[in-house]
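Both of the next two complexes hold subunit A, though its partner changes from subunit B to subunit C.
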Partner chain A sequence: MSSLGRILLGVAFVALLLSFARWSPERFWVSVVIQMLISGLFAMSLDLLVGYAGLASLGHAAFFGVGAYAFALVAKHVSPSVAVALPGAALAAAIAALVIGVFSVRASGIFFLMLTLAFAQMLHALAFGWIPVTGGSDGLSSVPRPDVGVSGVNLFLTSNFYVFVAVVFVVGALALRAVVNSRFGLALAGVRENERRMRALGYDTTRLKLVAFVVAGTFAGIAGALQASFDQFVSPGDVFVTTSVTALVMVLVGGAGTLAGPVLGAIVVVSLRTFLADQPLVGARWETLLGALFVLTVLFARHGLIGIVRGGLSWPRSP
Partner chain B sequence: MAALAVTDLARRFGGVRALDGVTLSIEPGERRAVIGPNGAGKTTLFNILSGEMRPSGGSVRLFDVDVTAEPTWRLARRGLARVYQRTELFAELTASENVELALLRSGGVWFGRRDVRITARAAELLARVGIADGRARARALSHGERRQLELAVALAAGPRVLLLDEPTAGMSPIETARITELISTLPREMTLVIVEHDMDVVFRLADRVTVLHQGRVLADGEPRAVRADARVREVYLGHEAIA
Partner chain C sequence: MSVEQFVLQALNGLAIGSLLFILAAGLSLVFGMMDVANLAHGAFYMLGGYLAYTIVRGSTSACFRASIDFWIALLVVPLVMAVVGFVVAGALLRPLRGKHLEQVLLTIGVAIVLADLVRACWGGEVLSLPAPRGLDASVTVVGQPYPLYRVFLIAFGIALAIALWLVQERTKLGALIRAGVADTEMLAALGVDTERLFAFTFAAGAALAGLAGVVGTPILGLAPGIDDTVLILSLVVVVIGGMGTLSGAIVGAFIVGPANTFGALLVPEFALAFIFMVMAAVLLFRPAGLLRR
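Presenting the complex of A and B:
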């Protein structure tokens, strides 16, 4: 396809996405798609580490949670203005990622996984215990939606909030696409493929991984801020290990190493949670079905669902 | 000023002295072969020179700068590149991307787009080592092509000193002849240090030869003189057919 054709197709897709709240047949679906977009942005940010840099993190909820709490605190106590609360949340997540990253990226493989998990659980304990600030297990409620500063545009209306989330998602996705297609993105792929060789070429791979960690954490923080304002509520669950694991499942089921994959994974996971959890026969067992789907994709589709969409099934991985 | 000066270098592994006081001086533009029987310490020497292993004692100077125990990436920035004995490529990346990564390092890594000039420069280097299609993934290349790609990656960094660790290992005679020819056409100002088992290759390429034996320098000199050295014949060349 010509590049002009691709651009036109992209513009058409974005237009359809942004206007979904207008043509959606049911209002309920608007909320579902908001959740898919927020989870999709979160999963894409994690995939920068997992799929591009080859760093499997079990602590990505730390930055989602820091973004969520920071947004809630700033919006409640400082200003709900979108120009203050959203950058505030992103900055808080970036700083958390920098501090945790300095210690974590020196390790690799299982040690990186355990370190990120440990740091995230420390933050979870903090969210749980620092009651005057975080509200402890009650969390923080009455979190305002951001104020975009345009008179007559009220984000407390779901259809308006949808457009806001969709715009942040599109901008975030384009920014992440620019990152993975940049020289830096190629260098991250080099680290994933052969870190020792990258060092021999003269790359300071520790710094590359730290930058990737901070970029990923920042976008996770933005996703967390969107979640806090969508739910108008933050709780320690946003920092808990299950939030990290769910994001990892989205990345792996959808297809690591692509940006469309994690979004597809988020769509699948949110759909299962939304539509299956209500079925009387399924109920809480939807997670079992998700687990089965996860096992099947790991076994039969090494590039995830996006790999099936693009090129069919593969045989189980050989060691 | 020597391109590479090694003084009294030692490396012990437990009770084993892999290197036991090695002193070498390699001039800029020189092509030096390091030979010796298995276990002589050649690979240990290379690992220390490329910064992947710390010596137990002694020093390494690169263009008169003390670089002993500097990390690999910093040595690479000072102009030292290594072609590995085992291929060390980015398997899932294309041949072109493998070379681009080496080219981009000197231009700094940032969020700028990858531009066409870099891709064109990579294609040039690939053509020079005899790889026509840069779009093939590294893991899909034959053994010989991987070695050629290794060389292209090393050259892309524009090194002043190139360490070649058995560049013809595992190659067919035709591939060996080709890569030897290729190495011989490298710019003369580039200093080469070659570890190699194939004596034809050594005598074809090297200006000087250093013979290691049990972690020490046994002989050091022009190929003809080393070949004639009785001790060298005894420990190493005895089994080789020497014309």
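Presenting the complex of A and C:
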């Protein structure tokens, strides 16, 4: 397809996405798609680490949670203005990612996985214990929706909030796309494929990984801020290991190493949770299905659902 | 804190440490041998605990038999969990051999499925199991009553540690295990069927998690989420002590157990955060754990 065609197709897609709240047949669907977009942004940010840098993190909820709590605190106590609360959340998540990243990116493989898990659990314990600030296990309620500063536009209305989330999602996705297609993104893929060779070529691979970690953490923080304002509530669950695991499931089920994959994974996970929960037969067991799907993906579809769409299954070598 | 209080808290710390040792021994064995951090270890513990609950509660109608049933659970549950572990290793991990990260990720999926199935079978409410008859009494320690079951747990942990150490040092199986931890490739070159050894190792790890589930449930109780709690604590123990060594599991467990108990007493809100800080520090400065060169 010509590049002009691609651009037109992209613009048409974005227009459809942004206007979904207007043409959606049911109001309920709007809330569902909001959740898909927030989870999709979160999963894309994790994929920058898992798929592009080759660093499987089990602690990405740390930055989602820091973003959510920072947004809630700033919006409640400083200003709900979108120009203050959202950058505040992103900055807080970036700083958290910088601190944790400095320690974590020195490790790789299973050790990286466990270090990120440990740091995230540390923050979870903090969210649980630092009651005067975080509200402990009760969390923080009545978190305001952001104020966009345009008179008459009230984000407490779901259809308006949808447009806001969709805009943030599109901007975030384009930014992440620019990152992975940049020289930096290519260097990152080089680190994933052969770190020693990249070092021999003169790249400071530790710094590359640290930058990736901070970028991923920042976008996770933005997703967390969106979640906090969507739910109007934050709790230690946002920082818990299950949140990290769910994001990792989204990335791997959808397809790591692509940006569309994690979004597809988010759509699958949110759909399972939303629609299967109502089904009498399998309803309560949607997590079993999700876990089984995850196991099958790891075993048979290295490139996730996106990989199946693009080129069939990759069976593991027979024993 | 008075001396009496200190002694009782120290005993509590040792009891938790004992439980953590049983958990960590299984996790560490699997990691040392297969280079796989089994993230379904907590789910194995949970399944073991719920199975024990059913076996023990299932026949409380005859009060006398309840105490026997706990001991039956202590034998049966590890066997059942060994089968579960054997199946997971043989059917799911084996096709991914050599790909350690994929294997770790796969255990996450196993954990999700097991946790959900446990919820399907036993529901979501908090369950508790009384200490078995004969062990439900109190003993007097420094003039204070102290639950006998916790003393039993400490003794059980120590006995198991000695037994495992004897197996590791004095038997042919132990020699195989030590060789596997040290150099799997060499072992394979010597003609040992390492695939089978891996499957048995994973089964043994699952059996230890199930055993911990049986003896831990009278203290910790059962509820959804216990799998995550237990997994994370045992990961911390294994990381602090060093993976793949029995002595590492012992040292780690008896650092984390008391640290948890005293931490909860001194800084109730930040006890857990403190433990993770210790773990992060160990990972940074001694990535292979305290006991490895």
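What we mean here is this: the second predicted complex is superposed on the first by the 314 of 319 C-alpha atoms of A that agree within 3 Å, B and C clash if a C-alpha of one lies under 4 Å from a C-alpha of the other, contacts with A are read in each partner's own complex, and residues count from 1 in each chain.
In this text, contacts are C-beta pairs under 8 Å (C-beta built on N, C-alpha and C of every residue); 3 or more make two chains touch, one makes a residue touch a chain.
Every value quoted in this text rests on a predicted model; they were computed, and no experiment measured them.
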Looking at the overlay, does A:V78 come into contact with subunit B only (first), subunit C only (second), both, or neither?
neither
Is A:L8 touching the first partner subunit B, the second partner subunit C, both, or neither of them?
neither
Just checking: does A:M198 make contact with subunit B only, subunit C only, both, or neither of them? Give me first, second, both or neither.
first
Determine, under the contact definition given at the top, whether A:S182 touches first (subunit B), second (subunit C), both, or neither.
first
Looking only at contacts as defined up top, I'd like to know whether subunit B or subunit C touches more of subunit A.
C
Partner chain(s) touched by A:M114 [first = subunit B, second = subunit C, both, neither]:
second
Given the touch rule stated above, what does A:G190 touch, subunit B (first), subunit C (second), both, or neither?
first
Which subunit A residues come up in both lists, the one for subunit B and the one for subunit C?
none
Touching residues on subunit A, where the partner in the complex is subunit B
178-179, 181-184, 186-187, 189-190, 193-194, 196-205, 208
With touch defined as at the start, can you tell me which subunit A residues reach subunit C in the complex?
56, 103, 106-107, 109-111, 113-115, 117-119, 121-122, 125-126, 128-131, 240-242, 245, 248-249, 252, 284-285, 287-288, 290-292, 294-295, 298-299, 316-319
In the complex of these two chains, what residues of subunit C are touching subunit A?
35-37, 92, 94-97, 100-102, 104-106, 108-113, 115-117, 120, 195, 228, 232, 235-236, 239, 268-273, 276-277, 279-280, 283-284, 287
Spell out the residues on subunit B that touch subunit A in their complex, using ranges where they run on.
50, 52, 71-74, 76-77, 81-82, 84, 88-93, 97, 100-102, 104-107, 109-114, 153, 157
